[in-house]
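What follows is a group of structures, each given as structure tokens.
One chain, chain A, links the two complexes that follow: it is found with chain B in the first and with chain C in the second.
Coming up: the complex of A and B.
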């Protein structure tokens, strides 16, 4: 039943040629470095490619900004590509390694250090100084961007907006229960308790037990403990006894004042529970405000910053990631790309974008716009940030391992704490150990 | 006698086969199998458990924003309109369909040739090749991203749907080849030999005799290739960097923002993504089960 032998003999050279061709193709593919060298300033005209790091949700507002830009600069065409936020870092990493980076891209401080380390981004400090943006960017955000880049005072993105941790609460449920807004921690825990009736499927709070749980847990720990610095020398304060005590109180809410299913809550489930269920309070940032408004209406929801650690005392807030626009080193038309960044970060466009994203604008010219006064949670968050009694705990986003440590490495441990299989102290000690190691590696690397 | 008839696939009087409807009605003894409720109750519960998430998806897709109704009434088409027109799901759908159909055709044709060779020819390295095929299943797609990206870049296939079609086909092939070779081995070689004796070439005999008998296997492999490429996200995200080239799974992911999510639009997108898969399975489920079981047991 086998094929005649002369056919087999004829097939062998063909198979050999195919194999050699495949190997040659693979070999040629290995020689190229993706990040694409130093690029070119270009003519300042022609096409540029822009990757939106939060594609889909912000597509409409970016299309408005791009339309306004092409009206002002008809010689420049902007190709918009929306990238899902959950995979944007993977997409950038693949393009850095394999080629095909855009001219401009949305970059958050959470993964800025990783991209700077791979030499993908152009420093933009000098360009800012020579542009209309000079002196018009919020100082706190500039500091965060500098710190996240890990290269001293150099900036590798132009900040566009920042976020702020917020306690969202259902004003209708609070009024019905005769509760005051949770402006103090004692009021917060009392409300979580009073609004819970598990048998009626009503809960005072929804906790983030799944993806993204660590950033929120840290935010709650520092806000309650009042510890103002992330570092004590070269060791983190994450496992300070005050932070551990705060963590114990926070995880103590699980199942007592939250649904049991919160163990796997990511922000989508958490926001959906709050917006479409009977949950009294939610800890999330300003970015979900528009979702709450759409689902509940302005009369049923309000948001306030996390309370100060002690009544009337200092309010400690953690540095939320700052969003911004990065200019890619490999771009062949950097002049046009920079014009786009400058335009998008200008006061009117930044205001438009921030209103759509429900976040705090980076351009000081946008701070007084009417929509901010109409959006009470945004206004209150901005006021609290400008309050001298507010201290910002700067997270070390500059650590290339920060994302891995606070996500894949530690999220399962947080679930163990919620389930009572790990103590808050062990959790904090383990997390602190990883952060301290990463910091030591970073310091060692930078010493060289 | 009855057992022999059943094995050969011949028709058997219903009353003679234990466990059929008439047989069960007559008695409740151990030989008649469990009472009907013991079959239907767990199945019903399982069905409920499976369908509730779909109900929620449908509910959110047609419920107006702000509504807390547990029934999909009053219904709105606003979310579908939004995703189809504003979020370009019309284009994504077309791209996904092209990728799915091309992957289906390529996978089936190549797997058919490979499967036939493995089933009918004895050649050096055949076993090693089979083992290599099996081992390739353990390599995650994410590991191959950068090499594949570079190869496609050199071939100028980045931003072409062909990059996704080729990657999907390559990753589908090992399982498809193994499945089809098992299926072909189940077809008696004597049938082909009879065709040769009648003057057919090997190719003609293959088309006239083997191919018609392979229908369940082809349906299984083809549908698996289509559904997998329809749902697969990673290659489309990485190899396609133009908005009008993206596919449904990428589009769905863009509906989940960093801090906010449009649940209505997401649910409507989910319904659009699910419909072709449901239709495919509704049409082919009979052949699919036959195909998988036949290919699985005849190695």
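Coming up: the complex of A and C.
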């Protein structure tokens, strides 16, 4: 059956244009990169832009800090932009490539090296030395920041807080089951087992199988194995047999004491499951404390540091990323931006922020504030960090590849381990291989 | 001299007339150069480079090494390409069949036809992110359908169709169908309405039943619309990132990673823009090849040769 001629004539160009447009979307999917630019000190007045790297969750407290800042410096206006934590690195990368970086931004040490490598951040060591912050920042956090982005010397952010891995547990469920707090690994696994009754929709634990799974798995591995160093010479200890055994125990919880859906669990789903379901325990850092408080109340939840590898032995905790504030090189008003950083990192503001985030403050002047004693999990975490029997396993945040390796590169493999499609040993060996290669590449470059 | 003077205005007018079309298309051509040609050339350029923003010391001309790696040393490329092809074939086939059926249905005259048409087309008006959110809630083990089925004694608690390797593909297919079917229904309904009623009347008089009318009148008439819509939709489905990224993140264990999702992970998460550009170039060539082949085989535009 033939078609009218005018329809035929119209159809070809129309199809051609539509096809070219659709295909062009494929061909333009990956693009160029730019640079941060050199910026200017500016007049110290006017508008600055601030990106919060945990927008939404921390918006209220930042609005309070900004209001106090504007009261003290009425000639500086701060534009607040909240970036969801899951997207922050991509937003920074996009802005570095295409322009539009803020004057000040929240930066965690997990991606600090990436940003330093892209020449986006201004060194702030000299500014700190000339400011009221000199000598008032917790040494451990300063060291972490220097190690992560400045080859152990320079600081590319002002630390504001640190975090620590925590076992959150439902005190009401533990009491009802006659269980003691999971202060040892045997008590932890026994509780996970006892609190699980899948047919009644009750589970002892919720595991993070989706985004962010690797950092938590590593935390569980080192805490159980008791291995105190991330490196053995120039090779990582990730695939040490003790770590592999610990990983096997940890992933063994999946489906036995956890919901099957945990395979895709990211932070939001995992915390929601713990806060709104019948789940006995959750492993996450101090940052989720306020979520638990809101959902469950203080009398139904408590948090303790991950147990030591052996009863009475050394507690090995991994270095959680330090959060901080970065000053961007491309900023046109760095003098005003620095005033904001200095103000936000001052003792009263740092205390206010850390209380809201339930994290450990970086300003030593905030350490003795009353709220820390009221926030039991934060206090216990601080005490454990100051305990001489605690050893910190320093993750190599300085590796530009660290974030890629421990996220997009390896998260699918962790899901394979949970599904039984990959052994814990193969997983650990592969992860160790990537880390060793990245370290060798980094070391070779920095020798030159 | 008098003759020359008289010639000038005519020549000028002719020259202006010759230039005018170029001037008229110049803005569109410039926009296309800026927004299509430049990024395409840029991607091609970076595909021949080692370009990782976090490791500037490694950046430089890479020749064909990115392409060699794709074809000889990257199992994830083959896996994601394989998944993309499967995804496109299943989605397009189902969207076309269901879309055609719905278009034929709402083309009939019946009470409530307007409401039915609105219901059929409404998912197309919902944004991708909202679509994903709706389906994530439906598949959520605590609030979704599996929870209520478990309450009724069917299946188990804590189960999600998206985290089960055996069900994740069809769960994602279903969500995308919900969004994609209206596209076909709208396009095919528009073309259905241009079929002259006389043809069906004549066919009825000649004793042709509904099925014969479908195969001998309706489908031949819809041929160009079907070819164009399947082609466009196939390219879009191949490039699908938003729904799968938010619904499954390419998981579990990389099972639902399409080639564009792999490109996004390599470029945006891995910062390896050189390799991601090479992957993009390969995807572009594959799509171009199959698009041209499809148009040729389907003799798009009529029965001319």
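We adopt the following convention: the second predicted complex is superposed on the first by the 411 of 448 C-alpha atoms of A that agree within 3 Å, B and C clash if a C-alpha of one lies under 4 Å from a C-alpha of the other, contacts with A are read in each partner's own complex, and residues count from 1 in each chain.
Following the convention adopted for this analysis, contacts are C-beta pairs under 8 Å (C-beta built on N, C-alpha and C of every residue); 3 or more make two chains touch, one makes a residue touch a chain.
Small disclaimer: the values here were computed from a predicted structure and weren't measured.
Within the superposed three-chain model, A:276 lies in touch with chain B and with chain C [touch as defined at top].
Shared-chain residue A:287: touches chain B; no touch with chain C. By the document's definition of touching, of the two partners only chain B reaches A:55; chain C does not. Of the two partner chains placed around the shared chain by superposition, neither chain B nor chain C is touched by A:371.
Once the two complexes are overlaid on the shared chain, A:97 sits against chain B and chain C alike. Using the contact criterion defined above for the overlaid structures, shared-chain residue A:79 touches chain B, although it does not reach chain C.
Once chain A of one complex is fitted onto chain A of the other, the partner contacts of A:87 are limited to chain B, with no touch recorded for chain C.
Contacts of A:163 after superposition: chain B is touched, whereas chain C is not reached. According to the touch criterion, the shared surface of chain A, contacted by chain B in one complex and chain C in the other, consists of residues 1-3, 8, 25-26, 28-30, 32, 90, 97, 272, 276. On chain A, the positions that touch chain C within their shared complex are 1-3, 5, 7-8, 11-12, 14-15, 18-20, 22-33, 90, 93, 96-97, 113-114, 117-118, 198-201, 203, 209-211, 258-264, 272-273, 276-277, 400-401, 404, 407-409, 411-413, 415-416, 419, 421, 441, 445, 448.
Contact residues of chain B toward chain A in the complex are 65-66, 68, 86-87, 120-123, 145-147, 149-151, 153-155, 158, 189, 237-238, 241-243, 250-251, 253-263. Contacts from chain C toward chain A in the complex involve residues 36, 39-40, 42-43, 46, 51, 53-58, 141-142, 150, 156-160, 162-165, 216, 220-221, 224, 227-228, 231-232, 235-236, 238-239, 248-254, 257, 260, 263-265, 267-271, 273, 276-277, 279-281, 283-284, 287-288, 291, 295, 300-304. Every residue of chain A that touches chain B in the complex is listed here, in rising order: 1-3, 8, 25-26, 28-30, 32, 34, 49, 51, 54-60, 79-87, 90-91, 94-95, 97-100, 102, 108, 163, 267-268, 271-272, 275-276, 284-288, 290-291, 294-297, 357-359.
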